[in-house]
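Here it is: the structure, laid out below.
Chain lettering (A, B, C, D and E) follows the sequence in which the chains are written, and residue indices restart at 1 in each chain.
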Amino acid sequence: MTLRVENLTCWRGKQALFDRLSFTLEPKKLLLVEGSNGCGKTTLLKILAGLRPPTSGLVTWQQTPLDAMTEEYNTHLKWLGHDNGMSRHLSVIENLRINANLFACEAKGIETVLHQIGLKPFQDTLVKHLSAGMKRRLALARLMLGHSSLWILDEPQTSLDKAGVALFESLTSEFLDQGGSVVIASHQPLGIAPNYIQRLNLSACH
Amino acid sequence: MTLRVENLTCWRGKQALFDRLSFTLEPKKLLLVEGSNGCGKTTLLKILAGLRPPTSGLVTWQQTPLDAMTEEYNTHLKWLGHDNGMSRHLSVIENLRINANLFACEAKGIETVLHQIGLKPFQDTLVKHLSAGMKRRLALARLMLGHSSLWILDEPQTSLDKAGVALFESLTSEFLDQGGSVVIASHQPLGIAPNYIQRLNLSACH
Amino acid sequence: MADFSFFILMQREFKIASRSVQQFLLPISFFSLVVLLFPLGLNPSPQLLQTIAPGILWVAALLAILLSLDNLFREDYEDGFLELLVLSPRPLALLLAGKVAGQWLIIILPLLLIASLFGIFLGLPNHSLGTLLISLLIGTPCLMLIGAIAAALTVGLQQSSVLITLLLLPLYLPVLIFGSSAVQHASTGLSSNPQLYMLSSLLILTLTLAPLAMSAAIKISLSQ
Amino acid sequence: MADFSFFILMQREFKIASRSVQQFLLPISFFSLVVLLFPLGLNPSPQLLQTIAPGILWVAALLAILLSLDNLFREDYEDGFLELLVLSPRPLALLLAGKVAGQWLIIILPLLLIASLFGIFLGLPNHSLGTLLISLLIGTPCLMLIGAIAAALTVGLQQSSVLITLLLLPLYLPVLIFGSSAVQHASTGLSSNPQLYMLSSLLILTLTLAPLAMSAAIKISLSQ
Amino acid sequence: MMITHYLHKIASPAAFYLFCGRCLPWLIALFFIVLALGLYGGLVTAPADYQQGDAFRIIYVHVPAAWMSLFIYLVMAINAAVALIWRIKISEVIVVSSAYIGASFTFLALVTGSLWGKPMWGTWWTWDARLTSELVLLFLYFSIIALYNAYEDKRVASKAISILALVGVINIPIIHYSVVWWNTLHQGATVTKLDKPSIHIDMLIPLLEMAFAFNLYYLISLMQRARNEILKREFNSLWVKKLCQESSNE
């Protein structure tokens, strides 16, 4: 269950975002991607998730290159981008049900997840009627559905209140404990035991 | 230049977000609106900006109720919402020019503002090609154009890197020094001298 | 796992549609708009109206579907749901096919109802009404599927609606020509079977190829 | 301060449009689609075609404008720009009027060109071609302005494109009737002045009232 | 200033609610009396038409319904203006409540008209100006109802439909004068000609009675709908709570 990156290079327009980047992410490790605005964190995360092809270089998961096993890789992966991926016109619980279906998880976990994330009283509210932070909580709920071994999260703490951030951190710690790997791009301090954390500063590549 | 709120009540659906809220915001003061996700911060800010009518209660600016002097009030106000208000299909500098026109500020300030905010090298990039944090920086640039006496900002630090947050804080301090008033809704710690700050905890109203 | 995938997004479309009756009003409202504009804009004699009725009905159906395509993937793109689809372990082609099928089912029933109603009002002879319905039933899935490819290719682009129209103009012509000439033949008493066969073979072709094309197009659109 | 306001958003529309040639293609492409579909869908005789040409051209122009309305305020709503407009010290009605005027200018020139081209193709007599252009020149601003009210009322709602069509179906009727009957009268040799006068008075009415209605509608839509 | 102040006072939701409550029984009684008179006059005493025989009697439903469809729209538009300019809550409520009733009358006019058209013109439907524009009026009512339902917040919704109702007013003269401007199959003004109605007095009186009855019906159902709507909107105000208490005490 190792994510390995070799000589990854990405150009956007006429400028290299990162050049010959290599690292390995073992289970029980969290890769914290840091760097100033616009240095390429989101781009890197998308490449790691297989959403974008890199300009050159290789990403492998358990020794297999990503593009050779997309659907297999997807069973292990949970992704959280800048956007939440929830339909405005569906209710909280409907969104979660569809997500459970989409990622082939058992639907019975949904109730407990809703409870944990603090959206139980809002389970029948349409997503467009949620506040910014409640939407982000809902997106986090996706991570807790079913099993996975790799989380890739882009600024997960956005809009969350203090309780929300604490909840997120405890979830992540638990996931790491159980042998998961996590990639996070973030500007905010992360309350997770330092022995899990492996840092990558993208600004340094320039 | 005083913003006064009297007995403000707001219902969303069948639930009161806040009930008979009253406060006064003097110049050189920053009102930090806090509270858990979904407690009504954004709603309060929209009411203060005159974007929504309250269910009942009164907001006055210099003793005049808001709905009696919208355009006059707008000359004093700068608003930054969850969204940035920048067109995806225009470049950074074009967006700023339009904003300067819209709020009747001199266009010559734009160059310096761009420099200060760190987007000078990207002035001809289309906004859709900016990263999340760069977009937020651009939205902040709006505040620096022209003169105003009241800023209403909804989670301004979203997506900003550390340098961005520091920049924002120094801007705000400077604005306060010059006699401005600020309303901020935020979950993040705010590095501004405590003697400016006046707190409002919305969760407490429930 | 694949067997169930088709129904996930189909069910989702139904859920979203059931939120507002308006979704079901789309074909009715746009179709009525186009069909009503003609008698009013042309001020024609009943006879003239009867002659051009098949064409009007088919063009109106085509435009109604075209209109719905512009929004097919837009919201899903903007709220990040398309990324989730691509990252789901289920086959993307099937998921998307389910979505399009759902949209089609939502549109088709009201469309058929209103088309037959207007058919009667416009003075279409009774025996060609059946042909109208059958040709719409075979032709509209083609229109939806071909349109969905164009929508997938242009998702996230500025001015996607223009691009869609441009892309589709040549692709839609065969369907329109076979469809409306089927109805015309029927109303002049000729057999409309040749046209209906052609439509059916077009349908089979698009049914097999469109889902694959769509999924490739979505992946490309997202990777920029 | 008010004097300059009108041009701010107008200029912005031009800037955005100049980013991609496609913006100018919108009216042409959709208009051509509709106008081409008819001869193909109807399979009519040249004579028949000539009779229905005014109606087809007017309906196509109407639909092309309708199509562009769906996106008139959508992006501005989604990226928060509409909030800025409402909060600007300049008069909202003038700002919005400028935006609509910009859109109209972008659309109208290619539309007039292509309409006269198609008018010739469809066999419209030369003397009625002028009436067609004049009626479009007076009628399309009405359509844009009335449509902009509908777009402003539905901004931010689910299924806004359906709602817009539904709202505009009754509102566009008068313009269409006067516009196409002006061309029809001209091509049968009658005077089309009465219709053109009616259109002009409709234009004056909408020019004075629509900006106010639009700005009220935008404020209402944003306040929910 | 005085006038608007006064308006605000009598148009307060509570006062309006109570006022309607008191009027309703009387109005209902009056409605049944006038309806009975009109029906008797129309179906029994009026002579059969020398051309159309008894088929013409559908006039007693068709014409009042068609008039109502236009009249209700005007009421709506006026209230829409009042609601937008003076922000009077009752007017907002009247606009919404009228839309449903107006749509029903328009539908009735269309159905009775086409029932009448079959024996008269030999067809259920033709695309002439009056028929089409009446159909378009139906769509106008539909669009107002659809827009109202699309908004979550009903106070915002009423403002939105007020704007739409005002914009739609241009259609009313077009429907009314369509028979003048275009030569159509449909009857020109028969009753509403001011100088000398071209209709027999025995036919005319029941027609006017029916028209009055239809107006009463509109008023009654408007009041009932408005009362419901007011209760829904003011559910957390003091007077509604008091009302609930009183009714539960009884």
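One rule holds in what follows: contacts are C-beta pairs under 8 Å (C-beta built on N, C-alpha and C of every residue); 3 or more make two chains touch, one makes a residue touch a chain.
Predicted, not measured: the structure shown is a model, and the values here were computed from it.
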* Indicate the lowest number of steps between chain C and chain D, counting one step per move to a touching chain. => 1
* Structure fact -> If you tally C-beta contacts per chain pair, the winner is C-D
* To do: Measure off the straight-line distance from the CA centroid of chain A to the CA centroid of chain D, and report it in whole Å.
  => 45
* Asked: Where the CA atoms of chain D average out and where those of chain E average out, how many Å apart are those spots?
  -> 32
* With chain centres defined as C-alpha means, what is the inter-centre distance between chain B and chain E in Å? -> 48
* Asked: What is the distance in Å between the mean C-alpha positions of chain A and chain C?
  -> 37
* Asked: Can you list the residues of chain E that touch 2 or more other chains?
  -> 136, 139, 146, 150, 152
* Multi-chain contacts in chain A: which residues touch at least two other chains? -> 82, 88-89, 129
* To do: Could you list which residues of chain C touch at least two other chains?
  => 19-20, 22, 25, 32, 36, 40, 44, 78, 158
* Spell out the residues on chain A that touch chain C in their complex, using ranges where they run on. => 49-53, 71-72, 74-75, 77, 79, 81-90, 94, 98-99, 101-104, 126
* chain E - residues contacting chain D, complex -> 84, 129, 133, 136-137, 139-140, 142-143, 146-147, 150-153, 156, 159-160, 163-164, 166-168, 170-171, 174
* Asked: Tell me, which parts of chain C touch chain D in their complex?
  -> 19-20, 22-23, 25-26, 29-30, 32-34, 36-38, 40-44, 48, 51-52, 54-56, 58-59, 62-63, 67-68, 70-71, 78, 158-159, 161-163, 165-166, 168-169, 172-173, 176-177, 180-181, 184
* Asked: Can you list the residues on chain D that touch chain B in the complex?
  -> 1, 4, 8, 11-12, 15-16, 19, 75-76, 78-81, 83-91, 95, 222-224
* Mind pulling up the chain C residues that touch chain E in the complex? -> 20-22, 25, 32, 36, 39-40, 44, 46, 49, 121
